[in-house]
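Below is a structure I'd like to ask you about.
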Amino acid sequence: MHGNGHKEDIRIGFYVCHCGHNIAGSLDVKSVAEYVKTLPGVAVSRDYKYMCSDPGQELVQKDIRQNKLNRIVVASCSPLLHEHTFRIAVEKGGLNPFYFQMVNIRENVSWVHTDKKAATEKAKDLARAAVQRVFSHKPLEPKHVKINPDVLVVGGGISGIHAALTLANAGKKVYLVEKSPTIGGHMAMFDKTFPTLDCAACILTPKMSQVKNHSNITLWSYSEVTKVDGYVGNYKITVKRKPRYINEELCVGCMDCIEKCVYKEGKTPDEFNAGLSKRKPIYIPFPQATPQVVLIDREACIEFKSGHCKKTCVEACDRNAIDFKQQEETKEIEAGTIILATGFKTFDADKVPYYGYGKYQNVYTSLEVERLVNASGPTSGEVILRNGKTPKMIGIIHCVGSRDKRTNRWCSRTCCMYSLKLAHLLKEHTDAEVYNFYIDMRTPGKAYEEFYDKLLEENVHFIRGRVAEVTDCAVRPEEEGKLIIRAEDTMIGIVRRVPVDMVVLAVGMEPKEDAQDVRRMFNISCSTEGFFLERHPKLAPVDTFTDGIYIAGACQGPKDIPDSVAQAGAAAAQALSLIDRGEIELEPNTAFVVQEECSGCRTCLTICPYNAISRDEEKQKAFINEALCKGCGTCVAACPSGAIKQNLFEDEMIYSEINGLLKLTSTECC
Amino acid sequence: MKYLYYPGCSLRSTGRAYDESLLAVSKKLEIQLEEINDWNCCGATSYVSIDEIDAFSLAARNLALAELQSSDEEVNLIAPCSACYLALLKTERFLEEVPDVSAKINSSLYKAGLHYNGRVNVRHPIDVLVNDYGLENISKRIETPLKGLKIACYYGCQSLRPYATFDDQYHPMTMEKIVEAIGAEPIDWSLKTRCCGGSLTGTIQEAGLRLNRFLLKEAQKSGAEIIITCCPLCQHNLECYQERISRFYDEEINIPVLYFTQLMGIALGLSEKEVSMHRLFKKPSLKRFSQKGAAAHAW
Amino acid sequence: MPDKPKVAFYWCASCGGCEESVVDLAENILAVVDAVDIVMWPVAMDFKKKDVEAMPDGSILVSLINGAVRTSEQEEMVKLLRKKSKLVIAYGSCAHTGGVPGLANQFEREEVLKFVYEDSPSTVNPQKTRPEIKVITEEGTVTLPKFFNVVRALDQVIDVDYYLPGCPPTPKLLKQALEALLSGKMPEKGTVLAPDIALCDECPRKDTKPSDLKYTEFKRPHAVQIDPNLCFLAQGIICMGPATRAGCEGVCISGNMPCTGCFGPTSRVKDQGAKILSALASQVEAKEEKEIDKILATIPDPVGTFYRYALPVSLLRKRIK
Amino acid sequence: MQLPIPTNVHSDESHKVEDIKKVVRRIKFESELDHNFGEHIAEKAYGQKLLGCIQCGTCSATCPLSHYMDYTPRKVIAMTREGFKEEVLNSLTIWLCASCYSCTVECPRQIHITEIMYALKREAIQHGYYPKRLTIPVLAREFYKRVLKDGRNTESWVLVSLYLHTNPFAMIKEAILGIKLFLRGRLTIGKERIKRRDQLHAILGNTKGGSQI
Amino acid sequence: MVSTNEQSTSKNSWEPRIVAFFCNWCTYTAADLAGVSRLRYSPNARIIRVMCSGRIDPQFVLDAFSKGADGVLIGGCHPGDCHYIEGNYKALRRVQLLKRMLKDMGIEEKRFRLEWISASEGERVKTVINEMTEQVRELGPLGMPERFADWDKELDILEKEINRKGETVDA
C-alpha cells in the first residue's frame, strides 16, 4: 500500500460532496470518504453537504494550509459544471489550480444508477482513479487570449436585430449578416402580435431602420457566412455577398424599375406573401424592406434567361443602379464573439397528407393566414379564400407538426397563442364561426391566459381533440362542398364532424433546413431535434460549448417574440461581458514536443488539424505553436515514440486513471 | 421467377376467384408459384384475440414449412390475402424484434419438430408485380389494353397497415400503377385505405353495411366503373352486400368489385372464365374491349 | 587469472546471430578476451553447468544472455546465472523483447508442436512421433526440458539490469557497453543501452519524408521496386523506424530494407505495436469505414508486422484461446 | 333518413337509455381500481407507449367504428391506464375493433392501439368477462376451434356455428346469400383440413389462453 | 507485471468491467445529459474523460484490457461533428486497425466498441452502455491479469520441484 517513495511527498485532500440528497441519497458518501482515506498519499478525506458552497470551498482552503495538502480531489458533479469553481478555490488556498482533479459522481453515478451498493463501488473506483491521477499533475499557467471587441451577428430576424442594436448601442462594432434580401425575419410577415394585438410592423420597422442607420452596424443582407476560422476572441469569418444585380449604394428604393419591368404582372410566387401572390423578377420583398434596395431574381429575369430583354428597368433607373454584371463578393471579417440568431422554419404541411394541404385549396397554413389578414397582404387584409368566397365556418387545427412522434415530438410553444390570435382576427374580419381543435391549451405567458379568456368570451369554439382528418367526402347533404374536420370532442367523448369553408393549419416551428451545416461551420452542437444546443439548459441558455459563440431566438428552440428578444438581449450581454473583460483564460491543455525525444519523423505534422505543428528545420524536430494548439491531443496519441505530451492529459495520468478504475493501486501498475 | 405461395383459407372458399385469377395471371407472366405443402390457417385476427402465442405459432408453422420447401437464401413467400399477409408479416416482425415472444414461438415449433431460421420474406402479390416483375414488363404483355376504363383501387386495411413495406400507408399508389400499366384509368379517391368493417358484416351488420355503403357510394361518386381490391374479405363485403345496402338505405348502389388480378388477366388476354368472372355476383361490362382481345387471342 | 572480472555468455531461444555478433567485434574481441575471464560460453567453450554451480553467488561480474525463454532448461540456466552474477544484461531482441521466437505467442504450445512435427510442408511423420519428455533406455533415463506454452523475454523470468537491443546488437553498442562496464560507468539500472529516441533521428533518408504524408495503400517490400533514396513510408512501405529505438545506425535502411523494429520501443512507449498502429492509421487517407478498411486491408498481418520482435512484452503478451 | 335498428347488436343500448333516466350515483373510489392494470396491459401489448397517451383523441376520430363503441378508444386507453379494469374488460369497444390499424398508424404517440385492443380481448377472455352471446367473440371462438381442429378455416362451417350460438334466425336471412355464394363455388360444404394435424396440436395450446373459452 | 485485484472476483459475483473513454464535447456531455435526465443504466462502465476521441492512444485500450477490463468503449462526436475538426476520424482509423489486431489476439470483437454519441444523445449513452454490458456479460470475464498469473504458473514449477527436493533431503 505504500510505494511512491520515489515521488515527492504527495499529500492529497479528498472531498466527497453530498449535493444534498442528489449524491448522498443514491450512494454511501461516508464509505467513499473512509475508503479513500486508506489510499496512499491521501492526507485528508472528508464528506460535506455542498462542496461548491462557500463553506465547502473554504474547507478545502483551510485544509490546504493546515494539513499542507498539495493535491486536491473533489468528488461531486460534472467537471463541465464546477471544475472552474474548484480550481479557483484551490488557487485561493495557495496551490496551483491544476493540482486539482474532479470526480463526477453525480451525473455519472448517483443520477443514473439505482443500486446503491454498485453506485458506491463505482464512486470509489472513480475516486481512486482521480487520487492516483493527481500524483502526476503538474503546475500549469492558463493561457490568456485577447478579445477582439467586434461582434458578428448572424441572422436579421427580431433576435438578431435586437442583439445587434444592444451591442451597437454599447459602442461595439457589429456585423449583421442576413441571408435573405431584407432583415425583419418572420416577424415582418405577421399582422398583429399576441396578446396585445399591436401591429407587428409598427413595432418592428423602427428597429429595422435603426439597424440600417446605426453607425456601429455594418449590415450585409443577401449574404451568407461560408467559413469560420480562429477561436474565441479571434474569429475570422468569410462572408459571401450574393449579387443583387443592383448597386446597393446607388439604389434609393424608388421602385420605378419594378413598375417598368417588361413583366406587367408578377409570375413568381412571392416569398414574403407565403406564395399567396406573385412578384416580378425585379422586386423588393416588401415596402419597408431594409435595406430598401431592390434586387433581381436571376431565375426569373428574361435578361438572365435569354439575354434579349429590352431592359426597361435599366431605362427606368435614373441612378444607374442596375448592374447585370454584378458578381458574388467574398468578404473577410474579424470578430471576437459571434451571436447566432438564425431563426426557424415552419413545419411543412405537405408532410401530414391527412390534413389535405395542397390537395384542398381552402386549407391554409397559419403563415399564409398571417398574410391574408394583413392589411399590406395580397388581399389587403380581406379574408378571401382561394375560391373567391368569404368563409362562414373556419377550423383552426392546432399542433400540426408538433407533439407528434411521427413528425416533430416537441411542443412548438407559439401555436396555441397565435391560433388564438388568428381566431380573433379571422372572426373580426369575417364574422365567421371559428373552431379551434386543440390537444392542450398552452398559454403560459404574461397576459396570455387573459387573452384566452377573451377568446372564450368572443364565443370562439374550442374542441379538445386532435383532428384525425380533413376530407371532402360528405355523408350528409349539409356537408356537400365543405371541408369536413373529423375529431373526437374528448371533453364530451364523442366523435364530431365539423364542416367548414376554411381550414387553418397551425404549423409548428422546426430547425432551419441548414441548421446542421451552420452548426458544423460554427463548431457548436445541436439537440436531438436539430435546434442549437445551449451550454446549460438553465444556467447558460445562450452560451454554447464553443467559447465566444452565443445563440439567440428560435434557432435554439421554438420561441415567441418576447422570449426571443429577451434571449437576444442576454446573448448580447454575454458577448459584452467577454469583450469588456478584454481577455479570456483558456485551458492550458496544449501539447508540447519534448525536443530531445523527438526523432523528427513528421507523423504529427500530417495530423494536426490546426497546423500548429511545424518542423524546426535546423534541429530537424517538430515544434508545437502553443497559441495555435487547441488541445485535442491527437498528435500525442499518434506520436510513435512518445515524444509529445499533453498538459492535463499526459499518458501517465491516463494510465493511472485506468489502473485506479480497475482497482489497481499505483504500486501495482507496470 | 419463382415464389412460394400461401393461398390461405379464404382463397379456397369465398375468395376462389382471387386464387384462380392470381394463378392464371402468374402463369401468363411466367411467374412460378409453388404452394406450400400442407399449409395451415394464418390465425387471422380472431386467433390473436384469444391466444397470442397460438396465433403466432400458427403463422410460424407456415414460415417454417416454407423454409423447408426452399433452399434459397431468401425465401420469397407470396400471401395474397391481406389478413394472411399481415399475420405472417407480423409474426416475422415479432420473431425478430420481441425476444420473449420469439422464444415461445420457437419452443412451440420445436414441439412439432419444426424450426424457423428467419429466411422467409413475406410478400404481397402487388409488391411482387410492381417491384420484382416490373410495370414495364407488365405493359409489354398487355394484349387488351383497357383504355378508358375507370377504376377505383381499394386497398383496405391490412395489406398496408401497420407495417406497410411496399407502399405508402396513407396514399398507396401501387395498385394504381398496375391499373395504368394495363391501360386503364385509376380514379383518385380518398377512401382507398378506409376500413370495410371486416367480419362485422357477419357480426354487427348495421356497422358493417354502413362502412361499405360509404365506400361504395364514394367510389361511384368519383366516377369509377369498377372497384378492384386485393383482399378476399374486402371483395366479399363490397360485392355481396350491395343489394342489401341498396335496400336498407334506399339508394342505388351497383358497381362490380373485382380482384385486381382478374382485371389484369383480362388485359393480359385471358378469357373471363380463366380469371373466374363467373364467380362474381356482378360481372363488369368489358364487351367494348373484347373484340380487340379476341383478335389478339386468335392471333 | 584471479584479477580479471568474470563474464558469462549464454543463449536461450535464439538463432545464434547474437553469438555471431560477439564474434563480429573482430579484432576488438581480443581486447575483450584479454580484459575478462570468460567462465561460460556454450557456443565457443566447454564449461559445464556444474562449473557455474560451484562458483560463489555474485562472483560473475556480468552475464550476457541472449534468446527468449521457452523451455524449463533455459529457465533453470538463467536463474542460475542470475544467482551467480552481479549484473545480467539481456542481449539482443529475443532476450530484450522476446524477438522473432516471441511471435509463437500467437499460438498455443500444442499448435506449435503439431505444426512442427506433423503439419509443416517439409515434415514426413506418418506415425506422428513426438519427442518424449522422458525416455528410459538401458543406458539410463534421457529427459528433455519442458516446452513452455508462453515465450518470454528475459526480464519476465529473472531480474535484468541492462538491455542491449538489436537483432543482433551492433558491435559498436556492445563495445560501448563493455567499455562502460569495465570502467564502472554504467547508467541507472534497467536502462536500454541505446539512444532513447526513434530511428528516424539517425535515418539516412530522414530528409526525404514529406510533411503531408497520407496513406492510400500499404505495399510489401518484396512486391515493389524500392526507391533506394526515398523514405520507405513515403513509398507506402511499412517502416517501423518512427516507433523503434535508434542505435542501429540504419543498417537495414542502408541495405534498402525498411526497419522491422528490432530495437524495440523508446522508454516512453509501453507497446511498440500499438504505437506504430496509431501513427500509421492516423494518416490513412479515408473517412468512410469501408474505405478505411480497404486501405488497412493492405496490411496483411498486423500482429506479425507491428510486433515482429516485441509480442511477449506487449500489453497483451499472447493470443488468448 | 331513419336508420334501421340494428338487428343483431347485443341490446345493451336499451339499458343505457333507462340508466340516463334513472338518477344514478356515479363515483369511483381509488380502492375499486386496479392500479397495476395499466402497466400490466402496457407490458402485454409491447406498448410501454400506452403510458405516454396524451388523450388527443386521434384514435377515436380515425376509428371507423368508434360511433358504435360504448367508450371511444381514447377513453379505453385512459381507463386502462387508470385501472378501470371492470369497465374496460366489460366494454363493447374492445370487441368492435376490426383491427384496421388506422389508430395505430395515426397515433401521434405511436401507441400500438390495435395490439392493446387484442391484449384487452385476451384479458377479457381470461378473466371470463367476455359477453358470451355477443357475435364477435363467438365468431373468434368458433374460428379458433375450427382451426384448432382442422388447421384451416372453412368459412361456411364457422358461420353456421356462429349463428347457431348467437342468433339462429339470422341464419335464415343469410341463407340466401349463402346459396348465392355456393352456386358460384364460393362456399364449400366439405371441410378443409391439413394433413399433419399432429404438428398443429403440438404447436397449439401451449399457453393457457385458449382454454378459457 | 502480475497484478492482483483488491477484491477477489468469484465467478458468480462477477460483474463486467468496462472502461469508457469519452470525448469532452460530445459523448461526455451526452453522459452528463443522461445524468441530468435521470436515465438509468447499468453501473458497469467507468468513464475517463479526454478532450477528443483523437487523444485515445491504442495503448490505452490494450492497457485497460491487460489491467482487467472486460470491455473498452470509446465515445466520440459523429463524423463531421468533431470539436477539433477531424479527431474522430483519426480515432475511427485507429479503431478499425486495432479491432483487427485484437481479433488476431483472440479478443472477442464485442469487447471493444466505438460509438458516435453527440451531446444531445443522452439516451444513446444509456443504450450503448446497457447493450455493451450485456454483451460483455454474455462473453464472460476477459480476466487478462488472471490469465497472466495462470500462464506464469509454468515458470515456478521447476523452482518448486527443486525446493521440494531440498526439503526431502533435509528431512
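Details
Which chain is which? They are A, B, C, D and E, in the order written, and residues in each are numbered from 1.
The rule we apply is simple: a residue touches a chain if its C-beta (ideal position, glycine included) is under 8 Å from a C-beta of that chain, and two chains touch if they have at least 3 such contacts.
Bear in mind the structure is a predicted one, so any value in this text is a computation, not a measurement.
Considering every other chain in turn, the ones in contact with both chain C and chain D prove to be A. Chains that touch both chain B and chain D: A.
Note on interfaces C-E and A-B: more C-beta pairs are in contact across C-E.
With centres defined as mean CA coordinates, chain D is found 50 Å away from chain A. Centroids of chain D and chain E (each the mean of its C-alpha atoms) stand 52 Å apart.
Chain A and chain E have centres, each the mean of its CA atoms, that are 35 Å apart.
Chain A and chain C have Cα centroids separated by 57 Å. Touching two or more other chains at once are residues 170 of chain B.
With touch defined as above, residues shared between interfaces to two or more other chains in chain A number as follows: 354, 607, 634, 637-638, 651, 655, 670. The set of chain D residues that touch two or more partner chains comprises 67.
Every pair of chains that touch is listed here: A-B, A-C, A-D, A-E, B-D, C-E.
Looking at the complex, you find that chain B touches chain A at residues 170-171, 190-191, 214, 218. Across the complex, chain E meets chain C through its residues 1, 57-59, 61-63, 65-66, 79, 89-90, 92-94, 96-98, 100-101, 104-107, 142, 144, 147-148, 151-152, 154-155, 157-159. The touching residues of chain C, when paired with chain E in their complex, are 72, 75-76, 79, 106, 146, 148-150, 152, 156-157, 269-271, 273-275, 277-278, 280-282, 284, 286-287, 289, 292-293, 296, 299, 302-303, 306, 314-321. Those residues of chain E whose C-beta lies close enough to touch chain A in the complex are 1, 3-7, 15, 17, 19, 24-26, 28-29, 31-32, 34-36, 38-43, 46-52, 54-60, 63-64, 67-69, 80-81, 83-87, 90, 94, 118-121, 126. The touching residues of chain A, when paired with chain B in their complex, are 353-354, 471-473, 475.
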